[in-house]
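Next up, some structures in structure tokens.
Both of the next two complexes hold subunit A, though its partner changes from subunit B to subunit C.
Our next item is the complex of A and B:
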């Protein structure tokens, strides 16, 4: 029954979005631009040689995968949570006989499908033009999938708990912009994490942001050895638990406050 | 006797509202030492509603009506008191409870804005787990009652306010709830649309047996729909009973209408003390007199004025309510 309800929510969103599809394609295009710029910068810089062990073709492969991973893990839903709370629209969600997280998950799933419908052909076209070099191994491919799912979970929940601060502070979504900036710097967009200078690289490996985007990309493009993957998965799972814990805590406390103060 | 469907016992809801002082300096100070005021939205409210009844919750802006509805629908946690609706504690918001109630807010929409109502209804049908055959039947019935067949396929954003309210009502009744909370359902609607919705609500209540609790600022809504009203003022119940009785109990006045014999009027019209003139022209007078003194004062007026005709009546319900709202009757 719940699956049918979730599916109905997804269908409803698709129907709504079909009314302004160009908006979504523009959004997806916008999200693609920064990695595309750095793709061109690094692949040009590499020229005929290598930088940090990465050739021109390897940079192209890295950034094309990153464009897709960035899209799959980006949680556009989180930007709407604050509005729901601020404008009292949370009431509508709370009055339904469904856990409110269904709305967020439905929006996430619906969004991924729409954005990928735009991104996949564009990335395929870019791959034809820019000739990436990717050494495919089944081991990397198999490790990539769970890393991608965990990366989405981490980025979604991390943004969600930040967005839930809207229960207390009016413009909590400024923190989402900060998260985006940190992802941009530390999650392999400006440069692959392996190329960051010493201090930033350590920071990137400790903080959660690398595990939202860069980690699965590094796995698929063969930048990580077994030990690197293991440490990475450990950090990713650890941060995911922290994010899930904070989400649960803030959701419960926030709801208590919401039902005390009223929307 | 069956247990009432809505039971409210000593319900109190106090909001803690942050106090924002004037000026930048004081504002900065409040960042570190926030000050709060306790605002009592609802104080010690008690009333029951039987299954299938239609009850109007009336009172001025800020009286506590919406707060009461929000507590009943599970959106607010009461500060104290007991509340049970259909046997459930509302604020636990169990799915089983949420499937039994419906809340329509005149200023909030549950429709998806960009798509036709029919698509929104289908989504809601699934969310509430309505079996397809029953969904179809209920929808057909509601569409016929509200005469809205042609609205089903237009995007909601292209509908007028009244048409949207028809959609809201359909959406809220699709899963056949047992209790319907309506918060200002006719807000901003034109007179004929108000009439339509009132007729619909009455008919629907009579044949489905849904319990209706509604708030409205339009006395006409309440007069037409609610055999019983609960009047809330400053968070407290001032009156609970028939609307017609309200005037008798709460307005300590009678209204006298006098038609005068114009030819005998010689300018001066001696009005006794304790009588308030509401309207006056050459041929008629409308007066307000204290209820208890009405007979004596009427007798005096008949002696002193050239009266052609006289009626004594309760003041119109709007006037009574206005007096209570502005504090005179409280």
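Our next item is the complex of A and C:
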């Protein structure tokens, strides 16, 4: 029953999203630019040589994969959850015989399809122009998939619990901007984590942000050995359970406070 | 005289609007600090790995970032808010409230360019000047009076160019309302964070001649590091003047197409 209702939600949202596709293509274009800038800057910097063991082609491959992973894991929904709570529109979602997190999940899936419909051709075109160098191994490819799913789950739930703070504070979405900035710095966008200076690199490996984007990219581009992958997965799973716990806690406590402003 | 009095009035009205919400002040402060932090760390991380790319080192790239922050702050201070209200999401042209703007007994282009101020951007301006000052101190050269004049002229040309491009992109909305042309420009404008020389040849041509965001930051930064030729400076000034004239003509032609909306 819940699966069928879930699919109906996804389908409905997907159809409505397609109506505004030029708007969403524009959003996807905007999100693609920052990693693209660093792709170009680092590959120019590498020139004919290597930086930290990465050649020009390796930088291109790393950042092209990162553009896709960043898009797949980015939860645009989290920005609207706070508005739903503030303006009282949560009422409508609460009346459905499904927990509201399903609503956010449905719009996640619907959105991914629209955004990727834009990103995949553009990244393919960029790959033709910029000639990435990627050593594909089946082991890395197989490890990449669970890392990607966990990364998406972590980034979604982490943003969702931050957004739920809107039950208590009016401008909780400022924290989402902080999350975006930390993801930019510590999740391999400004530079691959291995190239960050010592202190930032330690911070990146401990905090959850690397496991939202950079970790799967590093696996696929072959930057990690087996030990690195194992610790990575351990950290990723650990942070995911923390995020899930915080989500459950805040959802229950917040719902009791919710007074349906406006309606 | 009347012009300045009007601008003063616009500033006062905008300030009263802005000061109504104090939480917004802190949210804005957070965004400014994040913007500064990610920008500076991005440059520092890059030059932690290498000493020089295409003739740019840490100090001169930081100077360029300072110029970028100053120009963005000026845009946020008075050009951006007005043109966003005109052509941004749910803008006046889309909703038809532009009727009230053209009814006023004033030059329409003047009115839309300066009627809305965001005085908070003065803080951003200060941060940009701080980065620029620190970078010039790091450059370790004593600036001659000629260099300072060249820098100010180049900065002026940069701001004019930015204004012209923004006005032109906003004017395009008269032809297809609902398309967020200024967002497309925003994506390209981010590329001005780094010197155009760091991008591959084809993109450098686009950023110099098609959407000349490169001129906005690269030329003033070159004036400071002393690698600017007089030809580039006067070429930049000439191009800026041309662009302003062209954008004004485009805006006027667009204005004639405007046929109100929904009324």
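One rule holds in what follows: the second predicted complex is superposed on the first by the 258 of 263 C-alpha atoms of A that agree within 3 Å, B and C clash if a C-alpha of one lies under 4 Å from a C-alpha of the other, contacts with A are read in each partner's own complex, and residues count from 1 in each chain.
Simple rule for what comes next: a residue touches a chain if its C-beta (ideal position, glycine included) is under 8 Å from a C-beta of that chain, and two chains touch if they have at least 3 such contacts.
Keep in mind the model is a prediction, meaning the values are calculated, not measured.
Chemist: For A:259 in the superposed arrangement: first (subunit B), second (subunit C), both or neither?
Modeler: first
Chemist: Could you say whether A:97 touches subunit B, subunit C, both of them, or neither, answering first, second, both or neither?
Modeler: First partner only.
Chemist: Report for A:22: first if it touches subunit B alone, second if subunit C alone, otherwise both or neither.
Modeler: second
Chemist: Let me test your reading of the model: by the given contact rule, A:9 touches which partner, first (subunit B), second (subunit C), both or neither?
Modeler: Touch status of A:9: first partner only.
Chemist: Quick check for you: in the superposed arrangement, does A:40 touch first (subunit B), second (subunit C), both or neither?
Modeler: Touch partner of A:40: subunit C, not subunit B.
Chemist: For A:231, select first, second, both or neither according to whether it touches subunit B, subunit C, the two together, or no partner.
Modeler: neither
Chemist: I'd like to check the shared interface: which positions of subunit A are touched by both subunit B and subunit C across the two complexes?
Modeler: Shared contact residues on subunit A (touching subunit B in one complex, subunit C in the other): none at all.
Chemist: Across the complex, what residues on subunit C touch subunit A?
Modeler: For this pair, the touching residues of subunit C are 23-24, 26-27, 30-31, 34, 37-38, 41-42, 44-46, 48-50, 53-54, 179-180, 183-184, 186-188, 190-191, 193-194, 198-200, 203.
Chemist: Which of the residues in subunit A come into contact with subunit B in the complex?
Modeler: Touch residues, subunit A against subunit B: 1, 4-5, 7-9, 11-12, 15-16, 19-20, 88-89, 91-92, 94-98, 256, 259-263.
Chemist: Can you check the complex and tell me which residues of subunit A touch subunit C?
Modeler: By the definition above, subunit A touches subunit C via 22-23, 26, 29-30, 33-34, 37-38, 40-42, 44-45, 51-52, 170-171, 174, 177-178, 181, 184-185, 190-191, 195-197, 200.
Chemist: Using the touch rule from the top, collect the residues of subunit B that touch subunit A in their complex.
Modeler: 15-16, 67, 70, 73-77, 91, 93, 95-96, 98-99, 103, 105, 108-110, 112-115, 119-120, 122-123, 125-129, 155
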